[in-house]
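Take a look at the structures below.
Below, chain A partners chain B and then partners chain C, in two separate complexes.
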Partner chain A sequence: MRCSYTSFVPIIFLALCGCLVSCNKESRVDWAIRNKILLLGNGSEPKALDPHLVSSVGDSNILRSLFEGLVTYHPTDDSQNAPGVAERWESNEDYTVWTFYFRDNAKWSNGDPVTPRDFVYAYRRILSPDMLSPYASMLYFLKNGKQFNEGTLTDFSQVGVKALDDRTLECTLEQPTAFFPQVVKHTTWYPVHPATIEAFGKNDDGLDPMTMQFTLWQRPGNHVGNGAFKLKSWVINKSVVVEPNPNYWDADQVKLKEIRFYPIPSEFSEERAYRDGQVHYTYTMPPNMIDWYRKNDPKHLRLDPYLGVYYYKFNLNKPPLDNPKLRKALALAIDRQKIVENVTLGGQEPAYALSPPIKGLYQPPKIVEYDPDKARQLMAEAGYPNGEGLPRLELLFNTQDTHRAIAETIQDMWKKELGVTNIGLLNQEWKVYQSTLHEMKYEIARHAWIGDYVDPTTFLDMFRTGDSNNETGWSSPEYDQLLKDAALAPTAEARVQILQEAEKILLTELPIIPLYWYTRTTLVHPAMQHWEPLLLDNHPYKYVDLIAN
Partner chain B sequence: MGRFIISRTLQAIVVLFSILTITFFLTRMAPGNPFQEDKAIPPHILAKMDAYWGRDQPVMIQYFKQMGNFLRWDLGPSFGNKGFTVNEVIAMAFPVSFMIGCAGLVFALVIGIPIGVLSAVKRNTGTDYSLMSLALIGICLPTFVIGPLLSILLGIKLNWFPALGWENPKVNWILPGLTLGLFYGAYFARLTRAGMLETLSQDYIRTARSKGLSETRVVLMHALKGGLVPVVGFIGPAVAALIGGSFVMETVFQLPGLGTHFIRAVTNRDTPLLLGSVFTFGALILLTNLLSDILLAWLDPRQQKSSSRAEA
Partner chain C sequence: MDTTIDHIEKGSSLGRDAWLRLKKNKLAMVSLVVFIFIALLCFIGPFFGVQDPTTTHLDAKSQPPNKDFLLGSEHLGRDILSRILYGGQVSLIVGFIATFVSLVIGVSYGAIAGYVGGKVDAVMMRIVDVLYALPFMLIVIILTALFSDSLADVEILQSLKEKSKVFEPDLLLLFFAIGFVEWLTMARIVRSQIITLKKQEFVEAAVSLGLSHPRIIFRHLIPNTLGSIIVYTTLTVPAVMRLEAVLSFLGLGVKPPNSSWGSLIKEGADRMYSDPWLLVFPALFFSVTIFSLNFLGDGLRDALDPKTSKD
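Right after this comes the complex of A and B.
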C-alpha cells in the first residue's frame, strides 16, 4: 500500500496558517489591559440603547456607562448612594417631596449642560402612553405617574416632577418613600437629551417626535448621553463599544480608555472566550464548571451575593391550589439545601422567605423550612393523605436545563415525602411561558425576580393586590395595608418591623414557595480593579481600572 | 438554456412567495406575544404596542401589508432590535455568514475532492478504507461537536487561532470555516469517490488508457470532470446552507451572522425579522440550486437535454 501525501496538504496548510497567526503571542486580554480596554461578556444583544425602551440586566449594564441619573451607584456598597447629576438631595419630613440640587458642571456628551428640564422631559417621555415603555411602571412612584401612563390623565403638569430652576428638580411622590434615592438610580430614571430626541424624531406623519421609537438617535455619532462614557460603535451581535466622555463632570476619575460589551448568550461559549483570553469578565458561567474553577483556578472565580430570588408560584384560582394547607405542605416538603448543593451548584442560599436578607437593612422572617413530618400532616389535613386523591398538577417552567433539573428534583421530593405522584412537568419556550404566566393559565410555575433597588419592597410590592407581577390570584387586604403602613412608619426600624409582619402573612398563606436566593457566578480577570461584590451587580464603570499583575 | 433559466426563475418566485405566506401565517398562529417581558407589561401598554405594529388589524390586512413591504424591499423595524431595521440587520449579518460559508466551501472542496479522488483511484485498498472511514466519521460528527473540539484544541490548547469571536475577521473565519469544511468535506469526499468510480469504469477512460496516457493524466484530465457531477448536484443546497448561516456555528464561535437572527426571530416572535431571514434563506437556496443546475448542464450536457425534454 502506497501512502499519498495529498491528504496531508490541508493539515500542513492549517499548521502554517496557525504558525503565522500565533507569531504574536500576546493574548487579547493582555493587549487590552495594556491599552486599558475592558472586555465584558454581557449576555444577549441589547434591545436598544434608549433607557426608556429597555428592561433587561444586560441592556442596563451598557446604559449605565452611557447615562447617569440624579443619584448613582456606590462602587463598593450599593445600599449607599453616590452623587450623580445631583450633588446633593433632601426630602421633606414625611419623604413625599424630594429635592435634587444639580451640580454646575454636569454636561451631555455634546457639551450641553444637563438641566432639571431634561429630566422632566425624560420622565414625561417614559410615562407617555405612546412611548410604549415596558418599564414605565418604575416611575409610578411619582404622583399621578400611573394615571398619566395609563392615559387617564393627559396634563403632565399634574405629575409630580417639576424643574424649580436651572439647578433644582423637585419630585412629589404618591406615598412616603424613604428609599427614593435608591429608586432613581435605576436606568428608567435616566435623562435623555431633548434636542437630540426631537431632531431625530421629526416625521411627516404628525406624530410626536418625543415618542418616536425607531429613530436614528441611538446610532454611534448621533447618540448623546451624560454618562462617563459615550457610544463609539454598535454592531449587532458583535459588540457595543464605548469610550470616555470628555464632557463628563467627573472625567478625571475615568481610568479606562474603552469598554467593549460582547453579547454572548451561551454560557459555554462565554467560558471558552474567557479561557481563550478574549474577555475580562463573563456575564455568567456554566454551573457544572464552578467546581472545576473552585479547585483549579479559584482566583478567577467569583461567587458574589445577588439581590434575587427564585421561587415557585401557585395559581390560587385553580383548585385545589386555593387550599393553603396543601400549598404549605408542598412548601415544607422541599429540601432547599439539597437543591443548592446538588442542582444549582453556584453557592446560592436556600430561601426561607421571599426577600433576601439585606445586610444592615432587612432580615426576613424565617418561616418556610424543610419539615417533611409537618408537611405530611398538613397534606392529610388538606384531604390528601399520602398524596391520595390529589388531582394532577402541572409544573410550568421555561425551557432551560437548570429549570428542568430543579423541577425534576422537586417532583421527586414531593413524591418521596408526600406520596404525590401526579405532578406533570411542562416546559415552554420563553415567550409562550411568559404569556401563559401573565394570562394565568398555569397551575404551578417557576419564576424569579432580581431587585430593581436595594430595599425589600422591590420584592414585597409584587404581591400587592392587583400588581401586574402578582399573577397568583392571591390577595390580602391586611398585607396591602401593612405595606401602606410601612411607607408611613415614623422610623426606619419601625418600617422594617412592619415589612417583616407583611412578609410573615405572605409566607403563612404561601401563594409562592421561595426556593433560593441568587448568587452572581462569574469569572473575573485578576487585573480588574474596583469591581467589588455588589448586591445589584450595578458597577459604576468610572472607578474600574485594569492593572496587570 | 435561456428558456431553462427563465422557467426556473419563475418557479423560484412562486416558491418564495409560498414560503413567505406559510411563514407569516405560522408565525401569527404560534402562541406567545412578542412584546411580553419578564415583568408583566400593563395591558393598556400591550394593547398600544399591538396597535402600533398593526397586530390589532385583521390577519389578512397584516399579511398584505407585509407582502407590500417585501415588494418595496422595506421590511421595517425589527421587534427585537429597536435601533435597527430588518434590512440593516440582514445587511450587517449576511457578509459574515457569506464569508464563513465561502471559507467552509473552500475547505470542503479542498479536503473532500482530493480525498474522494484518491479513494476512487485506490479503491478497495487500505488508503480507500481509511479515508472513507474518516469521511464517515466527519459526516456522523455534527458541527456542534467538531466546532467546540477545534475551538478548544486549535484555539485554547495550541493557541493557533482565536477560539471564537469576530474581533479580527482576518483570522476569525478560519476555525468556523474549517468546522463547516470538515463536515461538508466528508460528504464531498464520498460523493466524489462515487462519481469517480462510475466515470473510471466508462469506455472513454479505457480508450484514454489504451492510448498510453499516464494514470494521473487520465484521472485529472478525463475522469475528474465527469466524476464531479454528483458533487456539483450537492453543491447547490450545500452552498445555501453554508452561506445562510448556522445558529449552532454562530453560537459555538460567537459570530454575528444570520443564523442567530433567524432563531432569535422565531423565539421572540419577531415577525418582520423572521420573514426577512426566511426570504434571505429561501432566495439563497433557490439561487444556488439554479446555479448548480446550470453548472450541471455545462458539465454533463445530457442533463440539459433531459430538462428540455421534460419541459417540452
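Right after this comes the complex of A and C.
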C-alpha cells in the first residue's frame, strides 16, 4: 500500500484535537464542585438501605443522609447532641425515663408528618425476633427490649417505648443511662415509614409484612425516609445517589445538590480514584501512600482521632485457646508499637486495653504490654515451651491488604518470639467472614469496633455474656455484674472506677488481644467545607458544602 | 554406491529430527537456555544463602535495591529476591502441573470425539459446551472447597507439607482444579484437527493395515496435531499462572505469608506509585519466563511438524 504524508494530516489533526479537548476538560471533582455534587468513596456495596438490616460503617454513612433520629449528630463534636426529629428532650432524675418532644414540621420525604408512633413501630420492627436484625442489641437499652428480641416476651406493650400523644415519645430504660440521647443518634434508632413497609411487605404466605426483610421498598421511587436527603438512584456495584429532600424540616440548611456514594472495596483503587480526580473523599487510605501525601500533598491528607479499636479475638470453645496462659503469651509477644509505626503508619496508638481513652471521661487500665520474656515463660507454663506441641491454629481476617499485612507481621512475631510456627492465615470475603465469626467457626480472628456513642460501654458491653457481638465464648459473671453496677453508680467518678474494674477482668483473662486504637486516615478534598474531625466520624451531611478554592 | 545406501537406510526418529531442527532455531534455543536458567534459579537458588522469604524486617521496610536486599524489600521488610525465587517454585509448578492435567484430559477427549465422530462426538462436545457455559472460576472454587477437607487426611501430603516450605495440600488441589477447567479449548482444537486428519490417506492406510483404534489415535493422529497442541500449551501456561494469582487474591491459592509470582505482581501493582521495584522485578521474572515459553513453543511447533520436509 502506498503511504503518503498527506494521509497522515487528518489523523494528526484529530489527535491534536483530542489532546486539546482532554487537556482542557475539567476533572470530575471540579465539575462536581461547580454543581455541588459530593462524590464519596464508601467501602463495600451496601447490604441494604434499611436501618434495621445494616451493621457496617459504610452502610450507616448512606443511611445518615436518608434518615434522622430523635437526636442527631453535631457538626463539630460527636459527644454533643443536635436536635433531630425531637426539638427537646428531658429525663427523670435517675435517667431511666426519657421524654422526647417532637417538632411540628418533621416530615417524611413523601410529605407525611413524622409521629412518635412511627418510632414505636420502628423499634418494634427491629426488636422482632423474625426480623433477625444484626444490630438489635443496640435497642436493649429499652426496658424489656432484650426479652422481646429473644422471644421470651411477646407483648410489645411491655417494652419501654410509648407514644404519649402526637408529639411526645417516652422511653423507659432497663437501667440508668445518662448518655441516652447519644445512643438514639445511631442508625438502629432511626424511624421507618410504617405505611411503606406494610405496603411492600404484603405477601401471600401469611407472614407479618413488617418483618419482611428485603422488599422493594428500598428501591428508588419507593424509598421513604425523613433525612435531609432522599434516594435518587441505586445501581448495584456502581453508586447510590441521594438528592435533597424538599420536605425535610431544615431543608434551608442543605447546601449540596446531590451526594454520590461509590462502593470501592480496594484501598489502592480508591486512592488512585482520588488522585485521578474522581472522588472528593476516600473511605480508607493505603498505608504506603501516607508518607507520599505527607511530603507531596499534605493538604489532602487527614489523620483524625477516631474512637475505635482493632483487635484479635480468640474462640474459647476451641482448645487449646481455652487456656488463659496461652492467650496471654500470644498477647504479650506482640510489639504493638512496631506495628503502628511500620505497618499501619497512620499515627495509630498501640492499644493496651479494649476501650480507647476518652478525654475527660475514661482512662482504661494499662495491662497488656509487650513483654517477650514473660510471654515465653507463660508459653512454657501453658505446656508449649518454644512453641513445641502447639496444634495448628488458623488466623482469620477479611480480604484487605492491611489486615493481611498485620496478620503476616504478627505471625512472624509469634514465630520469632515464641517459636510458634504453625499459625495459618486464612482470608475470607467480608460477608463470609462475618458469618464465620457469627457461627464461631474460627480459631483466632481479626476484628475491629468503632464506637456507636462516646462512652466506654460501647466497647465493654460487647463482652457481656451472650451479647451478639461477643463471639468468643468468653463469659464472666463478675464482669457482667460490674457493668450492671456501673450503670447504677451514684457518681460519674464511681462509674468510671467500676468500668475500669470490669475492663481489668477482661484484660486479665484476655479473650481478645487489643492491637491498636484507630485514627481516621483519609483523603479529603480541600473544597469540602464543614467536614470537621469527628471522634465517631458521623458527619451530618446537611452542613457540608463544596466551595472551589 | 554402497555408502549412499547405508546413509539412506539409517533411520531417524521423529524426536531426533525435531531436536536437530530446533537446534537451528536460535531464538528458541536462547529461550530454552533462559527458561532453564530461571527454573534452576528458583529451585536451586534458595539453597545458596538467600534470606528467608517470610521473615519480616520492619526496620528495613520498603527499601529500594541495596546490598542487603538485592532487589529491594517490601512493605513488611521481606526480601523481594527470595520471595520471587520461592514464589517462582509455586508459579512454575502450578503452570506445569495444571497445564499437564489439562493437556492429558483435553487431548484424549478431543481426539476420541473427533475420531469416533457421529453421536458420540455430538454428545461429548455438547458436554464441553455445557462446561464452557459454567463460570469456571466458580468450578475451581467449588472443587477446592469440596475436596480440601478430604485431602487434609492424606498422609503423604501431610508429610510433604512438613518438609517443604511452600507446599500445602490445598495448593496441590488447586493445581488439579485449574487443570480440570482449562482443558476445554484444548479438546475443541484437537477434535477439529483430528476430523480433518482422519480423512487423509495415511489414516486409511493405517486402517487397512488393521491397526487398533487406540494405536491409530495416539500413534498416527496425535503426533500430527502436536503443532497446534504445543502452541496452545504455551498459551495455557501463562493463563494458568494468572488464574493462580487471581485465586490467591481471593484466598484460595497460595496462602500468605507465602508468595507466588502472581500474588507478588498483584501486591506490587498496588504499591507501584510509592515503591515501583515491588512491581518491576516480579513482573520482569514473570514476563521473561512467559516470553521464553512462547518462543520455545514457536520453535517446537516448527520442529515437531512431521510434514516439514527433511533436509
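FYI, the second predicted complex is superposed on the first by the 431 of 549 C-alpha atoms of A that agree within 3 Å, B and C clash if a C-alpha of one lies under 4 Å from a C-alpha of the other, contacts with A are read in each partner's own complex, and residues count from 1 in each chain.
Rule of thumb we're sticking to: a contact is a pair of C-beta atoms (placed from the backbone, for glycine too) under 8 Å apart; a residue touches a chain by one contact, two chains touch by 3 or more.
Quick caveat: nothing in here was measured; it's all calculated off a predicted structure.
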First (chain B), second (chain C), both or neither touched by A:404: second
Contacts of A:292 with chain B and chain C, given as first, second, both or neither: second
Which of chain B and chain C A:130 touches, first, second, both or neither: first
Chain B versus chain C as contact partner of A:429, first or second or both or neither: both
More chain A residues in contact [chain B versus chain C]: B
Touching partner for A:262 - first (chain B), second (chain C), both, neither: first
First (chain B), second (chain C), both or neither touched by A:278: first
Partner chain in contact with A:151 - chain B first, chain C second, else both or neither: first
Touching partner for A:383 - first (chain B), second (chain C), both, neither: neither
First, second, both or neither for A:391, with chain B first and chain C second: neither
Set of chain A residues, in rising order, touched by both chain B and chain C: 266, 268, 272, 275, 429
Residues of chain A defined as touching chain B within the complex: 1-4, 6-7, 9-10, 13-15, 17-19, 21-22, 25, 28, 45, 47-50, 53, 55, 129-130, 132-137, 149-151, 213-214, 218-219, 234-239, 262, 264-266, 268-269, 272-273, 275-276, 278, 429-432, 434-435, 437-438, 468-469, 471
Parts of chain A lying in touch with chain C, wherever the complex brings them together: 266, 268, 272, 275, 286-289, 291-292, 338, 341-343, 399, 401, 404-405, 407-409, 411-412, 416, 424-429
In the complex with chain A, residue positions of chain B that touch it: 31-42, 44-45, 48-49, 52, 77, 80-85, 89, 92-93, 107, 110-111, 114-115, 118, 122, 125-127, 131, 148, 151-152, 154-156, 158-167, 171, 174, 178, 250-257, 260-261, 264, 267-269
In the complex with chain A, residue positions of chain C that touch it: 54-56, 58-59, 61-62, 75-77, 249-251, 255-257, 267, 270-271, 273-275
